[in-house]
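Both complexes shown next keep chain A, but they swap its partner, so chain B is in the first and chain C is in the second.
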Partner chain A sequence: MLERLPRSTPEFEPIDWSKATASNILARIKEAGVVGMGGAGYPAAAKLASGRHYGTRHVIANGVECEPGVNADRSLMQQHLSHVLDGLRIVGHCLDCDQLTLAVSDRRVHQSFQDSDFSDVTCEMVSDHPANGEERTLIKTIFNESIPSSEYPSQRGFVVLNVATLFAICEAVRDGYRPTDRVVTVFDEERWVELDTPIESLAATPLLIRHGSVATGVMASKNAVVKLTTNAVAHDRTELARACIHCGWCDDVCPRYLPVEEMLRTQQSQSRQQGLDAYFDACFECGACVVVCPSTIPLLDWIRQGKRQTSVERLKQRANARFERRNARVAERRSDETRAREVRLHTPRKW
Partner chain B sequence: MSLVVQEVLRVGLTLALLGVVFGGGILLLSGWAASKRPVNRLADRINDLLPQIQCAKCGYPGCLPYAEAVASGERADLCPPGGRETAIALAELMGRPIAEPSETMATNTVAFIDESKCVGCALCISECPVDAIVGAERFAHTVIIDHCTGCELCVPVCPVDCIDLNAKVAHA
Partner chain C sequence: MVIDRRQRTTTSVMVHVMVALLPGMVVQVWLADWRTLVVIGVATIGALVTEIVCTRSTRDLSDGSAVVTGLLIGLCLPSTTPWFACLVASIIAIAIAKHAFGGLGNNVFNPAMAGYGAVLLAYPALVVEFDAISGATALEQLAHRGSTTIEEVSSTPAFGAFGAANHEWVNLAFAFGGLYLIAVRVISPLVPLCVIAGIGVAAFMLDDGGSSTSHGSPMFNWFAGGTMLTAFFIATDPVTSPSNRAGIVIYALGIGVLAMLIRKYSSWPDGFAFSVLLANCFVPLLERIRHRQTSPT
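Take a look at the complex of A and B:
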């Protein structure tokens, strides 16, 4: 069992959610400030409001560990599965939806779910491939429906919430607590960490730290703190990276079939051509390539750099094109005026 | 003149005429293409390094004019939004000693028009180098943040000081 600091008296009045109206529950979730704790930080109340607006067929609790080496969701479910399921039921009640699904990738959680016999929730076991944690991929895996990237899943009748978010929703609605702590994978072990804890204070050694998992995290800045979206804190491995041996494992493992090795090569040699831009856009940063890399190259850092450059280049090109169009227009207008003046000058006066 | 000579002359003249027509055409076409798309001039390579904010803080009316000036000998450290990185990249490209710009400017900002104060004078619209402000005379204007480069050119011309520069926020 993970140790959690005892909590003070609830900040809000607990709600009996099975009798409460949807708008009351939504207002409470909004007031408590619950955001998507899987990493994106999308406000939960906004997602539920969107789900109500478009009509929801399935509510999915996302308990699939999408980042290699992170077990925060798994530990939370082992300890507080009933809270998570209550959160799922609250969301289902709020959205008038009785198709509740819990997606897990851990066999033990699956087993403990089946032992406890919850008849109102279906438990789906999916593989622990990093891509399965992404909500569109998860929907594709379980229900075989593709959501185009231009739409939110809630527009197609799916609401996917991370289990930590559901836990926070349950505590906010049923017990009246604002989310003030969360389970974080701190250097390969899970702990309850209070929000706004400086990340540096979690490390025993003064090594470089990544805010997030080894694979997908970003380098933590000097005064980074634990936020609601922080699911892991890890040591940086960039120092250990060796040269690429062109084994091609990253290409094989990529869920989007991107030429990861080629992207790395062009990025490292700074010789990138425009043709690769679409690949950089398509990467959704699952970190699978980093995990399999035998040279422990921080591939995602390079890809993120490429993504940034792509977007900057695109902005520059657009600004340049608009500037040229405007200049052409101004010059044309000016020459029109000049021509009109010439004509006026050479027209003999009538009087 | 015999028939054979006549025939030879005719074929020869026709071929010569065709040669002149097509050869001239190709020459003209290639000249036109060259005027349309100057291939990798020095000024264009410099222009690629500039941030394309079009703020005119360098004293030239935009990034391309400044790039042309640098190519013909102007100092390479006059770009405030580009800052240190651009100055270094330019110095390396031109093979000159590195000099850092004396002033820098925040990038990643966009203009914001307070529509409750805007009087609809359209002065900022004609000032914007990338046509990012929409509106008409006597109607409130607004900024298309996707196109705004944060060049600050619209700020000084506003008679009621209703334009601010805010940090650009990613929007879904």
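Take a look at the complex of A and C:
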């Protein structure tokens, strides 16, 4: 069992959710400030409101934790599975949806779910392929429905919430607590960490630290703190990186079939070729390529850099186009004025 | 044993390759003589020392690629090769073919084959292969046999049960090691399959039933010379092969067909060094296939 600091008295009045109205529950979730704890940090209340607006067919608890070396959600489920399932039921009640699914990739969690009797929730076991934790891939895997990248899953009747988010929702609604701590994998070890703990204080070593998992985390800045979206803190491995040997394993593993190796090559040689922008946009940063890379190259750092360049380029182009439109407009107006002046000049005065 | 690619590093990949080379190495030493060990040892040590000199550090030694290059050179060279020729081969391989191009990952030509090929051209008389038992090897006899038919030439002791004498067992052992590499997912089966198919198809089309101009059956060519070593260990070098599937197929088929053409139409008994180097030249071209092939989803 992970040790958790004892909680103070509840901040809010506990709600008997099975009798409460949806708007009451939503207001409470909003008031408690619950956001997506899988990493995106999307406000949970906004997601549920959108789910109510479009009508929801399936609510999915996302317990597919497939970032390498991160076990925060797994240990949370092992310790507090009933809380997570209650959170799922609360969301289901709030969205008038009784198709509740718990998606896991861990055999032991799946086993402990089957040992206990939860007839209202179905448990789906998916592989721990590094991309399965992403919500669209998960929906595709379980329900075989693809959601275009231009739409949210909630627009197609799916609401996917991370299990830690559901845990927080359960505590906020049922018990009246604001989320003030979460399970974080701190250098391969899971523990409850209070929010706003400086990340530097978690590390005993002066090595560089990544905010997030080894594969998908970003380099932590000096005064970074643990947030609701922090699922892991890991050591940086950039020092260990060797040259790319073009094994092509990153291309093999990419769930979007992107030419990762080529993207790395153009990025490293600073010779960005035309036509690769779409590839950089399509990457959803699952980190699968970083995991398989035998040379431990921080591929995702390079791809993120490429994404930034793409968006900066795009902003430049947009600004340029705007500027040229304005110039054309000004020139046109000026020629209009000149023409009017000419006309005035050559019109004979009446008197 | 880790079959999961997630746990792999460059070093562990190279260690897997070394393990897979072991059976072939043992059989080769067993069937030839102890001098094979000297050749392999000199080539490997030469490669290691050159690597240290070129990088001026020992950091890159730990990735194991220099050892593998040295081992491959030692396995290609016959046991009668003088020590300085082995040294020259490994120095050219590491210093010129690898580090002059920018080190591991940036080399255009397969280092082992560049070193071996350079020695083939520089000392043709010294590295012509003579078996301790049977004199000239089967491929050697086929290349310089005058106007004898296959039937006449294959009655000499240089020919074995289904391939070249001795070399058939060495080839089998390398194929066995290669299957191990496929089983642990270090290499994909595509490259060796295409190399073997390439040489098989070319040999089948050039085989006219055993006249004085034919060059043996596909079976003979699969189990003679360095076929299996090339198919499983040299053509599969990720750095010098294309990274898209269509490119890989063309590249590997090309190696097989070119090797067979060199065996038949040139005075070199075995053509793998030159066919691999020629195929390497086309890799930058083959890399361009992807642009038209895939579109982002």
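Everything below uses one rule, namely that the second predicted complex is superposed on the first by the 336 of 351 C-alpha atoms of A that agree within 3 Å, B and C clash if a C-alpha of one lies under 4 Å from a C-alpha of the other, contacts with A are read in each partner's own complex, and residues count from 1 in each chain.
Going forward, a residue touches a chain if its C-beta (ideal position, glycine included) is under 8 Å from a C-beta of that chain, and two chains touch if they have at least 3 such contacts.
No experiment lies behind these values; they were computed from the predicted model shown.
Legend: residue contacts after superposition of the two complexes on their common chain; A:Val291 is shown touching chain C, with no touch to chain B.
Contact with chain B, but none with chain C, is seen for A:Asn327 once the two complexes are overlaid on the shared chain.
By the document's definition of touching, neither partner reaches A:Arg108: not chain B, not chain C.
Between chain B and chain C, C contacts the larger number of chain A residues.
When both complexes are overlaid on chain A, the residue A:Arg7 reaches neither chain B nor chain C. In the superposition on chain A, A:Ala243 makes contact with chain C only, while chain B stays out of contact range. For chain A in complex with chain B, the residues that touch the partner chain are 315-320, 322-327. Contact residues on chain A toward chain C in their complex (touch as defined above): 68, 242-249, 251, 253, 256-259, 261-262, 275, 278-279, 281-282, 291-292, 294-296. Contact residues of chain C toward chain A in the complex are 5-6, 8-10, 12-13, 60, 63, 103-106, 238-239, 241, 243-244, 290-291, 294-297. On the chain B side of its complex with chain A, the touching residues are 47, 51-54, 62-64, 128-132, 147, 149.
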